[in-house]
Amino acid sequence: MTVRFGLLGAGRIGKVHAKAISSNPTAQLVAVADAFEKAATDIAGQYGCDVRSIEQILSATDIDAVVICTPTDTHADLIEQFSRAGKAIFCEKPIDLDVERVKACLKVVDAEGATLMVGFNRRFDPHFMAVHDVIARGEIGTVEMVTIVSRDPGAPPVDYIKRSGGIFRDMTIHDFDMARFLLGEEIDSVTAQASVLVDPAIGAAGDYDSVSVMLSTASGKHATISNSRRATYGYDQRIEVHGSKGAVSAENQRPVSIEVANATGYTRPPLHDFFMTRYTDAYAREISTFVDAVESKSPASPSGLDGLIALALADAALKSVREGRAVKVSEVLGVLADKSVFQGR
Amino acid sequence: MTVRFGLLGAGRIGKVHAKAISSNPTAQLVAVADAFEKAATDIAGQYGCDVRSIEQILSATDIDAVVICTPTDTHADLIEQFSRAGKAIFCEKPIDLDVERVKACLKVVDAEGATLMVGFNRRFDPHFMAVHDVIARGEIGTVEMVTIVSRDPGAPPVDYIKRSGGIFRDMTIHDFDMARFLLGEEIDSVTAQASVLVDPAIGAAGDYDSVSVMLSTASGKHATISNSRRATYGYDQRIEVHGSKGAVSAENQRPVSIEVANATGYTRPPLHDFFMTRYTDAYAREISTFVDAVESKSPASPSGLDGLIALALADAALKSVREGRAVKVSEVLGVLADKSVFQGR
Amino acid sequence: MTVRFGLLGAGRIGKVHAKAISSNPTAQLVAVADAFEKAATDIAGQYGCDVRSIEQILSATDIDAVVICTPTDTHADLIEQFSRAGKAIFCEKPIDLDVERVKACLKVVDAEGATLMVGFNRRFDPHFMAVHDVIARGEIGTVEMVTIVSRDPGAPPVDYIKRSGGIFRDMTIHDFDMARFLLGEEIDSVTAQASVLVDPAIGAAGDYDSVSVMLSTASGKHATISNSRRATYGYDQRIEVHGSKGAVSAENQRPVSIEVANATGYTRPPLHDFFMTRYTDAYAREISTFVDAVESKSPASPSGLDGLIALALADAALKSVREGRAVKVSEVLGVLADKSVFQGR
Amino acid sequence: MTVRFGLLGAGRIGKVHAKAISSNPTAQLVAVADAFEKAATDIAGQYGCDVRSIEQILSATDIDAVVICTPTDTHADLIEQFSRAGKAIFCEKPIDLDVERVKACLKVVDAEGATLMVGFNRRFDPHFMAVHDVIARGEIGTVEMVTIVSRDPGAPPVDYIKRSGGIFRDMTIHDFDMARFLLGEEIDSVTAQASVLVDPAIGAAGDYDSVSVMLSTASGKHATISNSRRATYGYDQRIEVHGSKGAVSAENQRPVSIEVANATGYTRPPLHDFFMTRYTDAYAREISTFVDAVESKSPASPSGLDGLIALALADAALKSVREGRAVKVSEVLGVLADKSVFQGR
């Protein structure tokens, strides 16, 4: 069976998914929608699919699944609409910037029995997956400490930052999800510190550009996250997990791995300078995993619940910075008595 | 303009090129031919092209270029036929196992003004290209010594070895081409030693499985090559160039770059175990370069002359092993008074 | 001029300093004192020096300086006595486990004009010194984030842990000093989380074995510290500093740097398994720096103030764990109106 | 028992051995001799030993062993004299530049039953020893190919080159010994190529500065050696051994292992720039091994025979360059019917 796709949003990340769908032998890109028509026709021309309105995709009988790459404030509504229309849904993170809105949305997904997968692409990076596999095979024993360093080559436009929900909800959210993915236990409390070191305009917009976070689980496992919106040496993406029997780490990736030696020393080139080239393989595997879930009618992962919790961790981090104390996740998220409600299908 | 391709030979390497052509936005796979019909229909089904006979491709008006992936002993004849038919030709190495036959073939190519490119895929590996670029930018000064280590994870079947022309013509030939590519000066003499350490059956077939080669140029530059048909740790492909101002090297590549640490030490996974996964990017760039040459009607590189000289170096190496002495390339190749005759378009 | 030494304490660390003094061309080990006579006579025999009582060393006219390696609870008293006796003093960390006692002691040192250096040996590790030098030369711009990972191969005996003042005062104290050394700005607040993951006996003794710490400065610079009392792969000692123009890191050290490749992968041996082999060079340079300070009658560094502040940071970390909040260093240390009083000569 | 030493020659390498002897707890430096009195008195002053003439050392009853660091052309005579005087002998390589002279000398050593060890210091480098240990434990199976890269930061003075016997006898000789040490089988034939790329003055002195060598054993094992008298990036000393079950390599060493990252890339400092700092540990272990042999009256290794064979390999390499062919070692060395005659005690 081929999964037939509608793509909602033809911007930067929409193009990434259009390419991933087109390269997937069991997926087909049927239609693309975008408020900005030129963006949609470009993708349609490149991959030979229709340009349609969101409404047309909603009612289409030749479309099984949608990929939501529209602006964040439309995600929750679209998820609800497409759940009701019986389509499988892949949605870029975050589902919404408000925890309660996410909860309400996930209840609709649950009621409709829809398949929902949230776009935490890093889980599908082959190197990070290999780290996860090493842990799963028990090679490092019990996980004790996860260390994540994640730095962007440069800050996004301040205009974007204002709409992003801030660094914790926009950038650190990936690291929160990765920490959960690797710890294998829910996070209990969050402590964070944040400052503006890169660009005062970011501070003026009410956000931070340099943050450190400590997470702890009920059993006392630790995770630390270090983020910066500046790294002259490229897109710095490292993960390390220390356990009772050993440790495992994923090294940084560079497009070209050569070394030049001279009187100055031994120099290797900078890292990837962009998340799209860094995570090319991850995006392809992510869509492939979604296609498999749709085909096999099995639950998709990362789920809506994963999206909800990562957002709650971001909110807890921000609260921690503001109040100068460790914040329990339950303070922000509440107690999820029946987690299955939030998990999607 | 889109370059329309006929693929001759639908075996292992034919599939690689079919994929590269299909992924290239300015190339189109129009037809495939193979004596073994199932192989051809498989590719045709996967990429939506015709199955045709070689004769049909030769006379087709909707085909601009061919990729020759048929058995080695058909290469020279096909090159001549397609040159006369006015098609651009990409041919897997080697053109032929006989230097004189190659020369005769290249004279036809020259007379017809055909475009011919020979498949030394490693020139297009991004890491080796970067090494070449570093040299070209003068960063290591004058090249003095090229060191190539190239080891296969395992030996091919003895049956293949018998038809291959031996390790120098089949395996080392890539390293001869790479040495020339990086030295920037023609090789003057070849000294080689060879033995059978991996499998006596290889020796029984009249070939070697472990070889070392030293090359020197007229100005006294050195290159050394180390080959083995066995490497438990994967497909070992390293290049290092030492010059007057510094050195540059390309590191080995592995599919996953993680590191596991425990009481045994720090372990990174083995290398790629297959040339196709190792050189995925190289094959794509290779076809892209050929497409560019066809489109721009500019000479293709590596040329027929590059194929001829690499073969002559292989012959010289074998002669050196047998006679226990340094062999001048001119002994094997003769003196090429007018090189342009052999270079193709 | 040769600096003539008395060594107080002939235990494990005393032996390290005895060797460093003996190897130093401008130092001479004159006498050693230890309550356990066998330990003292062993060192005396090996290096050809006297065994004397602490009182004899205090009144000796042939001794210029002492190295204090006795139990922690004797340090402050000995520093005061030898200050009054006009000897230069090198004291192992910590000066005392009580901030107020340290302050009182340093006031005596100041009043007597004594030279006092505190044993933060890691500042003298050639690799960490090189990191500091890179920062000092401005190569990475303004320091923004210091990341320290420091893990011991195994936990000390619980008996030791009870007397040690806890992991923050015993182990993390080195990292607090290193963070200050590299940040180039005083630390303003400390947040820590701690748990018992390695050995319940450590928890039963009232201590932790796994801790994470975040530090921030007034200008918003960050440092994070990750400590564990267990690392199967050896003595894990890494430092990384991220700045506005780049980053610098010191790699882990291993006694033998070879790599074995096979079907399992590429394996390098474990790290040093002991702080003494890891920091051999650091101990030699540390004593050499002290000798230089004594000879040139210039202030010694790290000073008594450095010892005081590192202890205060440890206290603040413990307070943060207990109270679940960010703790200002000033809460623990008070405000040091006249820092010179605590700095020693 | 303490081994009491006389040091013959107080030059650069003499100083290295003086330090190694003085640091060795079971060795004592009793006397030093040098034609240049200032050099001898400097060492005597530093280590508290006598200055004596060679004749005085020869007849001394308080000296058990000598270290010969005088000019090469005196080595064989001194070995013979001290053999007859009943002293154990450590001699810097080479024993002599003439194979027949070496043979004659070793016959005297054998007749006198003297202990003779030859200074191939690299066998005692901890990293190369570890490579040897990995092979000895069978971890890489049967050794098939040894690859040695050995490059000096810069060329020695031409005046030295003239007296040195040429690059093969002066520099490559270390690599010949290492190849034998790691191959575990005697070398049967030598092929070499050599050129002058670094400095024409070296060519004018009749020597080469850039050489490549291939060695083979009777069973078909390979070794390759690459030497240059120039390396802008430091003292390049790498060894790699490929076997039937895997490979092992020793990495280059640098005094400081940090890495600086910025927009240019990731840069580690250059290598050691001098053989003395690179091989500090090796020199200490070398003397320690000699002391052990003298104390235990067991045969010393590397032996006189090791010195003889390495020299013969150098001669064979030179002959190969001149005659453009593979040279059998037996052509140069003859057949050693009774190897024990040349091995020393």
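Order of writing sets the labels: A, B, C and D. Residues in every chain begin at 1.
Heads up, the rule we're going with is that contacts are C-beta pairs under 8 Å (C-beta built on N, C-alpha and C of every residue); 3 or more make two chains touch, one makes a residue touch a chain.
Here the structure is a predicted model, which means the values were calculated and not measured.
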Sort the other chains by how far their Cα centres are from that of chain C and give me the top one.
B
Name whichever of C-D and B-D has more C-beta pairs touching across its two chains.
B-D
Please work out the Cα centroid separation of chain B and chain C, and write it as a whole number of Å.
59
For chain C versus chain D, what separation do you get between their C-alpha means, in angstrom?
41
Where in chain B do residues touch two or more of the other chains?
232-233, 245-247, 261-263, 269
Category of the chain touch graph - line, ring, star, complete, other:
complete
Under the touch definition given earlier, write down the residues of chain B that touch chain D in their complex.
142, 144-145, 147, 149, 151, 189, 191, 193, 195-198, 210-212, 214, 216, 219-222, 224, 226, 228, 230-233, 242, 244-247, 324-326
Chain B - residues contacting chain C, complex
232-233, 261-270
So, in the complex, the side of chain B touching chain A is made of residues 126-127, 130-131, 134, 139-140, 245-251, 253, 255-263, 269
